[in-house]
Structures are given as structure tokens and as C-alpha cells.
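Following this line, the structures themselves.
Two complexes follow with subunit A in common, the first pairing it with subunit B and the second with subunit C.
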Partner chain A sequence: MKSFYIDETRATPKIDFNLKKNELSIIGDSYPENASIFYREAMEWLTEYLQNKDRKVTINLQLTYWNTSSSKVITDILEMIQAYHDAKGDIFLNWFYEEDDEDSFDNGEIFLEEHTFPYKLVPFTI
Partner chain B sequence: MKEFNLDNYANVYDFMDNNEIIFSYKGPISQEILIAVGDTIKTELPAEDIENKIIKRIFAVFIEEAQNVLKHSFDKHYGDKKKETGVGLIGIGKKKNEYFFIFSVNVVQNSQIKKLKAHLDHINSLDKKELKDYYNHQRKTAVLSEKGGAGLGFIDMARKSGQPLEYKFNKIDNDRSFFEILIKIPYSSGVNK
Partner chain C sequence: MKNTSADEFQKEKKVIEAAEKLIDSSEQISDLKIFYRDLLKEYKRLLKQTKVLMKVSDNQQHRLKIITDRLGKYVSYQLFKKITRGKEKVELTTKRKKLTVFFSDIKDFSYISSHMEGEELAEFLNSYLDEMTKIVIKYGGNLDKYWGDAILAFFGDSAAATDEENALQCVSMSIEMQKKMKDLQKKWFDKGYQEPLQIRIGIATGYCAVGNFGSSERMDYTIIGNPVNFAARLESAAEPNEILISHETWGLVKNKINCESYISLSLKGFHKEKLAHKVLGFKKISEKKLIQINDPDNGINLFIDLNKAEKDSVKKILSDIEHSLTSHQ
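Let's turn to the complex of A and B:
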């Protein structure tokens, strides 16, 4: 397995899954026409990566805007994190929200409210 | 077209001006077009008395409406590489300092109307808490369609707006209708919090 990296574009985020650091980051705007096509390879990589429950994983989700197609993918990623945690895996999520935008903060609470894995809501400014 | 009358173009301009439309686009709504128009929202709409989150709500509703047209308009354009793009009309306006509105028009098949109308009416019947629950339920149970749709677009628009979705079907013929939808984003924050 190798690290996975995709550069940011205007409508898609940077995806930086670093195998050495066990730090996986998705950063930027996400409104591809079809999120399931855009994220397919990243999700396949993530599925394989999370099979190994001996890693100490940090996930950073720093999305400034995502469309509803992407929200489904984000939901799936959170469920994968939950499954890893439920299987006694060591995993931590940093969920970034925009400091001056209460919608952004609310989104974090809505997406995370039913999850029990460890996470932190981290403010950032653009 | 019956006759070529240059006055009609001025009429379109006048109509838009009189209805406080800031800008509008009619044609194939490709991903490239919606990115460009979306950028215009971010660069041209901000003003001293508008909070950043209002601009973000407008942007979000615009992207959802535009991608709806792109994916679901029954009127299609085929560009190079035979790529299929939905055709529609989309635009943004501002009613004094009360609210912004984002509207779109596209062609739908009459056979789709019943289901679409039921979905929109259901959304409009929900209060804020119920809307959030519905959003969460759909988010967790939906499977992305072949086109990448999550069935969340109108729910998300209603959440961003905090007001009922205004829509109308205008019959074209026995097979097709125009589907018009207008979403309001209140100018000052807190209203739909």
C-alpha cells in the first residue's frame, strides 16, 4: 500500500492520506458533479487501510463547503471511523469548522451527534 | 421563432431589472459553468452589511439548484465528447434588504411531477427540528444514485432558507412541464437559526 494524494481543484478538496504518519486529511471545497465517482479511489484506499486495526490513526476533515452529494460520502467516512473505533482501533478525528460561521459549527454537531469515537471540533479561519 | 425582434432582448433585460435579478444564466449548466457562476457569488455579492454565512448559504443553494438542473433537466445539451448536460435557467436576485432569492427553471417529464411535488410538499410541512431529523435520516440511509444524487438537495435548501420552498409546474404539452423553484435567503442572520 502507498500513500494517497490528490491536489485540490476549485470544486474538489485536497485528499492527503499519509501512510507513514497515519494522518489522513481532506481539505477544501467539495462539490463535484458526482461525489461517488470523485471519491471512489479514496474510499477504496480507506477501506483497505482501515482493515489493519493496529494503526494509530488521525483523520482531519477540513471542508469549507460540501454539496449534498459529498455529504453522503462524509457520512460514510464517519461510519468507517466508528467501525474502526468499535473494533478497538485507535482513531481520532479533528473536525474543522469556520470560526465566524455558526452553520459550519452546527454541521459538525449534526454529523457527529450519534458517534462515540473520540473527536475534537477545531475552529479555523480562512 | 416567429420573427426576429431586437426589442425582445431589451424586454428580457427590463424584466430582469424590474424583478431585481442581479444575474441570470440560461443554457447548458455544466460543472464548469456552475463553478464560474458560483465564484461570481463569492466575489460580487459580499457587502459590508452582509454576514459571510449569508453568502455561504446563497452559494450552497445555488450549487444544489444548478446541479439539479445539470443532472435532472429533461432538456439536454450534448457538447463535445457527447457529454450530456442539463439545460435550464438559473439566477439570483435581491429584494431590497429583506432577502436574496435563488431561482431555477428546467423541463421535467409530466410523469415525474407527482413524486417531486409530494417530496417538496413534505419538506414544506416540516418544522426546523423535523427538517433536521429528515436530513439526518436521508443522509444515513440514502444510496447515491448513478448521477451522484443523494436525495438531499431540496431538504438542504429548505434548511439553509428557513422558509418554505416556492415552486410551480407550468405545463408545456402532454409530456413535459417547466419546473420553477425559488428559494429565499433572509438578508439578516438569526432569522432561520
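Let's turn to the complex of A and C:
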């Protein structure tokens, strides 16, 4: 298994899944025409990666704008994180929100309100 | 923004509760029970996802509205409506339209501003532009842009009004601006500004290209054409606290607006001398100048508005009546 990397474009985020550091990051805007196609390889990689429950994983989600189909992918990723945590896996999520933006902070809370894995809401400035 | 969509899923929750009771109580075939359990698990997962997606979607819409409102402050109200209602194509196209163009600035603003601190200047300029912008919006003008203390606005972009109505709205707006300036002059004097702040206004009517100019990446909805230069030159030629209108604009408003007789001006960029009129104010409609005789039983129905009717025309009508009466005797 190798690290996974896709560069950021105007409509899609940078995806940086670093195998050595066990740090997986998605950063940028996400409004591809078809999110399930865009994220397919990344989700397959993630599914395989999270099979091994011995890793100490850090996930960084820093999304500034996303469409509804990307929201669906985000909820899928959060469910995978929850499943890893439920299986006693060591996993931590940093959810980045735009500083001084109440709606951005609320989005983080909405996505995470029904999850029990450890996470932190981290402010960032554009 | 908090979303409370829990109650919207009561029906789905009841389905889950009923299914859970059925599994606990029934003695179904084990395979069916396993399948049903998986189905229920998936249904619960979907419900959870739907709730999150709905809340996030609402939040995104709220966010979009705030951003749209903020962007609306950077363009004119009319353009904002065009863009947000999706009727205006975002492409480099223009149309030729007859517009009445308004141009104003503050006399000696460069000199005045050189004696002010930055913060003071910003407060002064913003308070002035704020008041003037309110008046532009009130009269339905399309605020094109600010250039420092100068304002460019135009009337006639929509098909709803006639050329006369557009010109009258523009001149009426200018008269109200001049009145407002008197209030502002007092306010600024009381604040300690020594210089009397006076504005000059130029108005011209004619055909312009209106639409999107620029590049496909960055465009500006604006107007280009001779009337824009003409309005700017009339503004430069105007005295402080004066409104100068072009002869064509005068032709459209003369029944409602009092103006001085024309003056002939040599303006930069124009080969021939151009006629212009100084605006004096609104014409007052006097009831005393209305002659009305309504006596249908005796075959008389007469109405003359001396506010509008030319004296010679009235004299000729009276002469014709007298001649007619004499010839029938």
C-alpha cells in the first residue's frame, strides 16, 4: 500500500493520505460534478487503510465550500472513522472551520454531533 | 444557525420502533430476520445521514444568503436583482439604449481632502456617499460607480419607463440631492469643517452601450458612450450648487422642470458648441391657472391649462370662437 495524493483544483480539494505519518488530510473546496466518482479511489484507499486497527491515525478535514454530494462523502468518511473508533482503533479528527464564521463552526457541529470518536474543532483563517 | 429537524423524522422513527418490536417478538425464519435486521440497520444509517445532510444544506443556504447580501453592497441594486434572479447572462455582451446619465462631484474635493486625516476623510466621504446613494436608490437610478467623490448613475436600463420619465426621475433626484446638501453643509460646518462643501451636477441624455465590459474573468456592468462624457463635461462646467442639463434632457423635462434659457458651451472632446440649461426647480401647477367651464345643458365644455398652454394658442382659439359667433349671427 502506498500513500495517496491528489492536487487541489478549483472545484476539488487536495487529498493527502500520508501512509508514513498516518495523517490523512482533505483540504480545499469540494464541488465536483460527481463527488462519488471523484472520491471513489480515495474511499477505496481509505477502506483498505482502516482495515488495520493498529495504527494511530490523525484525520484533518479542512473544507471551505462543498456541494451536497460532497456532504454525503463527508458523512461516509465520518462513519468510517466512527467504525474504526468502535473497533478500539486509535483515531483522532481535526475539523477545521473558518475563524469568526459562525456558520462554518455550526457545520462542524452538525456533522459531528452524533459521533463519539475524539475530535477537535480547529479555527483557521483563509 | 441552529437546525432543529428532529421532529421532521417522527414518521421514520416510528417505522424503526415498529420494526424493532417485530424482531423482538416474532418467531420468523432466521434468514429473514437477519435480512430484516440489516435492512433496519441501513435504514437507521440513512436516516442519520439524511438528517445531517438536511441540516448542512440549510446552513449552507443561510451562508450563501449572507454572502449574497454582502456582494450586493458592491453592485447597484438593479444589477444585484438582475444577477440574483438569473436573468442577466454573465458574458461580455452590451445593448444600445437611450439613457439619461448623471454625473456629480464635490467642488475642490482634492484641496479639501488634502487637509484631512485619513480616518476623517473616510468618515466624511462615506457619510456624503451614503446620503447620495439613498437618494439614487429612492429614484430608481442605476448607481454605476463612485470615483472618489464623483458619482456616475444612469436611468433607462429597464424597459418599464419612458425616456421622459427617466429624464424626469434623474433631474428630480438631482434636485433632492442639492436640497440634502444644504443639510449636510450645516452638519459639516457644525462639526468644524471650514470649507463650504458644494456639489456640481451634469446630466445628459442619449444612446449608450450598456452591459458587461472587461474580460471573461473580471467584468464590470457599466455604460460607455457620448452622453457619459457629455454629462461629465457639463458637471465640470457647472457652478457650485448648480445642475446643468443637456438640451436633449431639457426637451424631455421642460413641462415639469423650470430651467433657464439655453447657454452655448464649448466643451472638451466636442467639436461643436453644445446647448445646456441650468435647472431652477420644479414647475408649480397653479389651480388659478386652470380655466374650466362645464355646462353641458348649454353645449359648453371648456378646459384650458395655462400652466401648459401657450398664450398665442389660447388667443387664436378665442379669436376663432369670436369669428365663429359673428359669422352665425
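Following the convention adopted for this analysis, the second predicted complex is superposed on the first by the 126 of 126 C-alpha atoms of A that agree within 3 Å, B and C clash if a C-alpha of one lies under 4 Å from a C-alpha of the other, contacts with A are read in each partner's own complex, and residues count from 1 in each chain.
Note that a contact is a pair of C-beta atoms (placed from the backbone, for glycine too) under 8 Å apart; a residue touches a chain by one contact, two chains touch by 3 or more.
What you are looking at is a predicted structure, and each value in this text was computed from that prediction instead of being measured.
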item	value
Touching partner for A:31 - first (subunit B), second (subunit C), both, neither	first
Which of subunit B and subunit C A:75 touches, first, second, both or neither	both
First (subunit B), second (subunit C), both or neither touched by A:107	second
Partner chain in contact with A:11 - subunit B first, subunit C second, else both or neither	first
Comparing the two partners subunit B and subunit C, which touches a greater set of residues in subunit A	B
Where subunit A meets both subunit C and subunit B, residue numbers	68, 71-72, 75, 102-104, 110
Residues of subunit A that touch subunit C when the two form their complex	68, 71-72, 75, 79, 102-104, 106-107, 110-111, 114
Touching residues on subunit A, where the partner in the complex is subunit B	10-11, 31-37, 65, 67-69, 71-73, 75, 100-104, 110
List of subunit B residues in touch with subunit A within their complex	31, 35, 38-39, 52-53, 56-57, 59-60, 63-64, 67, 70-71, 132, 135-136, 139-140, 142, 144, 147-150, 152-153, 155-156, 160, 193
Touching residues on subunit C, where the partner in the complex is subunit A	1-3, 45, 48-49, 52-53, 55-57, 59-60, 62-63, 66
